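Two complexes follow with chain A in common, the first pairing it with chain B and the second with chain C.
Moving on to the complex of A and B:
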């Protein structure tokens, strides 16, 4: 059996930042706290965690944008501290939720310029740009100035910029952040197709969309407060909580939710208020299914009405709640 | 090597697009002609007001000195402001710095390419200004009388020294936000004051003259005036120095500043990567 080499190897990686939280008083913030990670070549690997968990810091270090404070990080066998140039020839990065690009240039001009920064021969660059514009459904905007594009179109152009260099390893930092359903789906489908058509290519994807990680990733690492808490396939991670039951309740007019926390047999409990709809979603991880009746009985006592009840299969969100003790969108 | 060549070429093209493509070509052409003339006319008016009160016998020589110095100072202002603005703009406005930085393109070469476009545009402005001076203000500049063998090497070496200053400031810009613009204004002001741009160095105190003599731009402007045969007729405090000596000093100081600027740029780059400033957005 041949050993698949690592595309990324991180050992005891630490990164701290000095910030001026209070006027004239410096504070040390730990972004990465001894993270260990191995990503095999050919994997579509997901880093899942809330805002500030350390996902982007890992990507910045691996993409040679940031030095680690201590520890070791290797990309495609090259040290991020010493071999930045070797790494840069083989990687690319796409960040979501931002509007990067020179607005004064057309989409084609922007992409062409970046292709030249990578030394891609002219004919190949033109061919790749044309093909990717078609795949990303952006052909009609090829000669439009970047400043005239919508957020989704800009992100598609950004994706083309990242993939047109045919990188061995690409970092996708929240690539669907802030996009509508159609644009998100197109980008997810593109990532899947790219991985299928290119052997030995690796993707490191950060997201806080659980469904995205579940749908796309071969393996997922759950990160919180700079520490990798678990790393496995989505199926294996979900098995961590299969012994437990999960219950999702949607209730209206809730006045006091503290009572739900104290029900015996509730292992974990998170909630999410949708103020506009006037609905609160309650997520329970239970030691024993038998207490579902107790929870349902608690609803009228808390002055609420049940909108829906769902006994569901565990999701990566449940895994996250089990490991971290809080929901992904809670601070 | 191919990547560096491409990076230089396409970053220069990008710079040209950024400078010129913001409006229709006709409007840009008007702007490119009117702007340098208007900037020079401010000084011309100030000069006439001052000489009206002063000694008219030296007015012509002083005017030529000022006009030539001011025209070539455009390079200093444009390169110093331009280079640092590239870092700030790419990082915070266009958010492209990180993508260029993580490409195999050498960022130093990228900045050089962008600087080239600034120099080309400034050259156009300088030519327009000089032509305006010759036609309307009787500046005694005759292309047949120019010592081209002196002018061309001096011009190129001087530009290299200005680019070197710009790159040093670019290195510092990695570590700062918009504050760099204040720093640029200060440094450009130092050059304006101490390099004999609009008045001869001899009016400066002794320590000022000593300081001026270590700056390559001082020798550059002096040799430019000498080679053009205009504005060189008054005491500049380096006027006693022979052309050969001035040229040697210009070359040595340019090499010194080039080494300093490369070191400063690399240090700034390294510190920015250490501190996490390469994709900083301050929203200033």
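Moving on to the complex of A and C:
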């Protein structure tokens, strides 16, 4: 087995800020309080945490924009303190609500300008921008001045800015902040497609939408008050809360239900016939959600048809509540 | 999404050359997109110059002397454009880029920050040149100034090194402004008027010497630290003869070359210091992102 190298490695990372509080008394704010994290190359990794948890601080340190107060941070094998230039060649960064660029320039011109900071030859840059504009459904705004764009359009343009340089590792700080359902969907689909179409690409995104983390990420770290509380696949994290997952199935014209009982991995199985409607409700508790497929495959074999499937599972929100003792969006 | 357009890794020089032009571009394009800009950049400076022209015409009885002084004022007025641009635009540039959210993107880009700052300078030079040229044209057409280039090689070299030294100074200012913030900056803005006077925008640098003797000479020497001072004096010598020159041309060129080296060195230093301080104190980026 070959070892997959780390895209990001953080050890006991701390960062404090001096702030001028009331009456210029200096106060120390702790943004990161000994965070540890490892992200493999090729991972779509999510940092999930409430406001002020330290998500952006981590990203800024990794993007070489901020020194840690202490601890170690490496990106693609390079130290953020010593080898910032090597890191910058391979990364890019997009933040939600970002207002970069010059209002007087068009979307096309702004993107072209940023491409030049990465030394992309003019023609190639223009081709990439054109293609990404199409993918992001922003073609019609290509020649619009940046200052006339809506929030969603702006964010799409920012995404193009980040991805056009073909970064090995990209930091997305709340990429869907303030976007409507369609725009969020498009951006999430883009990120998924980005990861699928070439191996070795890494994405580190932050979010406080637990659905987003769940849907997108290979692994998620839950962060609160500058500490990483847990880090695993969304499925495993949820298993921290309940060890099992449950499945509710409604089927019609059932003949023999004993077959379901014998499927490997079914921990518990209950059923309820509704004779007048001709529907049987089955309840499973499973060791592993992968077994859902086996169960669904069993239905036609027993000569019946599926009316509805409902998988009830704990959410990442539940995980967060269990770990922190409060909800993701409560203070 | 995969890009099938692999290109050879650009050399360090090419990368930075592209970055330089990339950053100069918005200035050059933007300037042409704001119609009001042309008015402010050409008409208003000509008004300021015109005021001096009329004063000199009225006060200096000897026509050849008056004509010479008017010529001096035209060149001074033209070069003001660059000085103002450095002081008001270049100096605050990084500060505004931060406010706009661009600074952090410049900082994560794999190019020298000096090229990006250099791009800002280049863009500034471009817009200021429009203003400078329009002042010269107005001088020739409206006020009948005749320019005869007597030292073409010196003229070109002195102009180039004046620009390099001046914008080097502007690049240095940009980082200092970021570090010290606007408040500290206001203090130094207070000093600009005296500097303006001492640099001889509206009369020859040697004028101090005529009026004040030895102390006047030292005012001129002090003012020579600002690159525009000797640049202006040198260009005037090339255009109107060397009698009124402060130093010989070769010396002025040598000082300007030295100032270029000095200010570009200091600009790099200030930029590196600003970046380090910014990373330490968390001031490179906007807080609310």
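Note that in this section the second predicted complex is superposed on the first by the 260 of 331 C-alpha atoms of A that agree within 3 Å, B and C clash if a C-alpha of one lies under 4 Å from a C-alpha of the other, contacts with A are read in each partner's own complex, and residues count from 1 in each chain.
To be clear about the criterion, a residue touches a chain if its C-beta (ideal position, glycine included) is under 8 Å from a C-beta of that chain, and two chains touch if they have at least 3 such contacts.
Treat the numbers as computed from the prediction; the structure is a model and nothing was measured.
**Student:** Aligned on chain A, chain B and chain C: do they clash or fit?
**Tutor:** By the criteria stated at the top, chain C and chain B clash after superposition.
**Student:** Contacts for A:78 in the overlay, against chain B (first) and chain C (second): which applies, first, second, both or neither?
**Tutor:** neither
**Student:** State whether A:284 touches chain B only (first), chain C only (second), both chains, or neither.
**Tutor:** A:284: touches no partner chain.
**Student:** So in the superposed three-chain picture, is A:209 touching just chain B, just chain C, both, or none of them (first/second/both/neither)?
**Tutor:** neither
**Student:** After lining up the shared chain so the two structures overlap, which partner does A:119 touch, if you call chain B first and chain C second: first, second, both or neither?
**Tutor:** both
**Student:** Figure out whether A:320 sits in contact with chain B (first) or chain C (second), or with both, or with neither.
**Tutor:** A:320: touches no partner chain.
**Student:** Examine A:60 and indicate which partner it touches, taking first as chain B and second as chain C; both and neither are also allowed.
**Tutor:** Both partners, chain B and chain C.
**Student:** Which partner does A:97 contact after superposing on A: first (chain B), second (chain C), both, neither?
**Tutor:** A:97 contacts chain C only, not chain B.
**Student:** Between chain B and chain C, pick out the one touching the greater number of residues of chain A.
**Tutor:** The partner with more contacted residues on chain A is C.
**Student:** Find the residues of chain A that appear in the contact set with chain B and again in the contact set with chain C.
**Tutor:** After superposing on chain A, chain A residues 17, 60, 63-67, 85, 88-89, 91-93, 95, 98-102, 104-105, 109, 112-114, 116-119, 161 contact both chain B and chain C.
**Student:** What residues on chain B touch chain A, complex-wise?
**Tutor:** 2-3, 6-7, 9-10, 13-14, 17-18, 21-22, 94-96, 98-105, 110, 273-274, 276, 278-279
**Student:** Could you pull out which chain A residues touch chain C in their complex?
**Tutor:** 17-18, 56, 60, 63-67, 85, 88-89, 91-93, 95, 97-102, 104-105, 109, 112-121, 124, 127-128, 131-132, 135, 161, 163, 166, 173, 190, 193-194, 197-198
**Student:** Sort out for me which residues of chain C touch chain A in the complex.
**Tutor:** 1-3, 5, 7, 10, 14-15, 18-19, 21-23, 25-26, 29-30, 33-34, 100-102, 104-111, 116, 279-282, 284-285, 289
**Student:** Using the touch rule from the top, collect the residues of chain A that touch chain B in their complex.
**Tutor:** Contact set of chain A toward chain B: 17, 60, 63-67, 85, 88-89, 91-93, 95, 98-105, 109, 112-114, 116-119, 161, 165.
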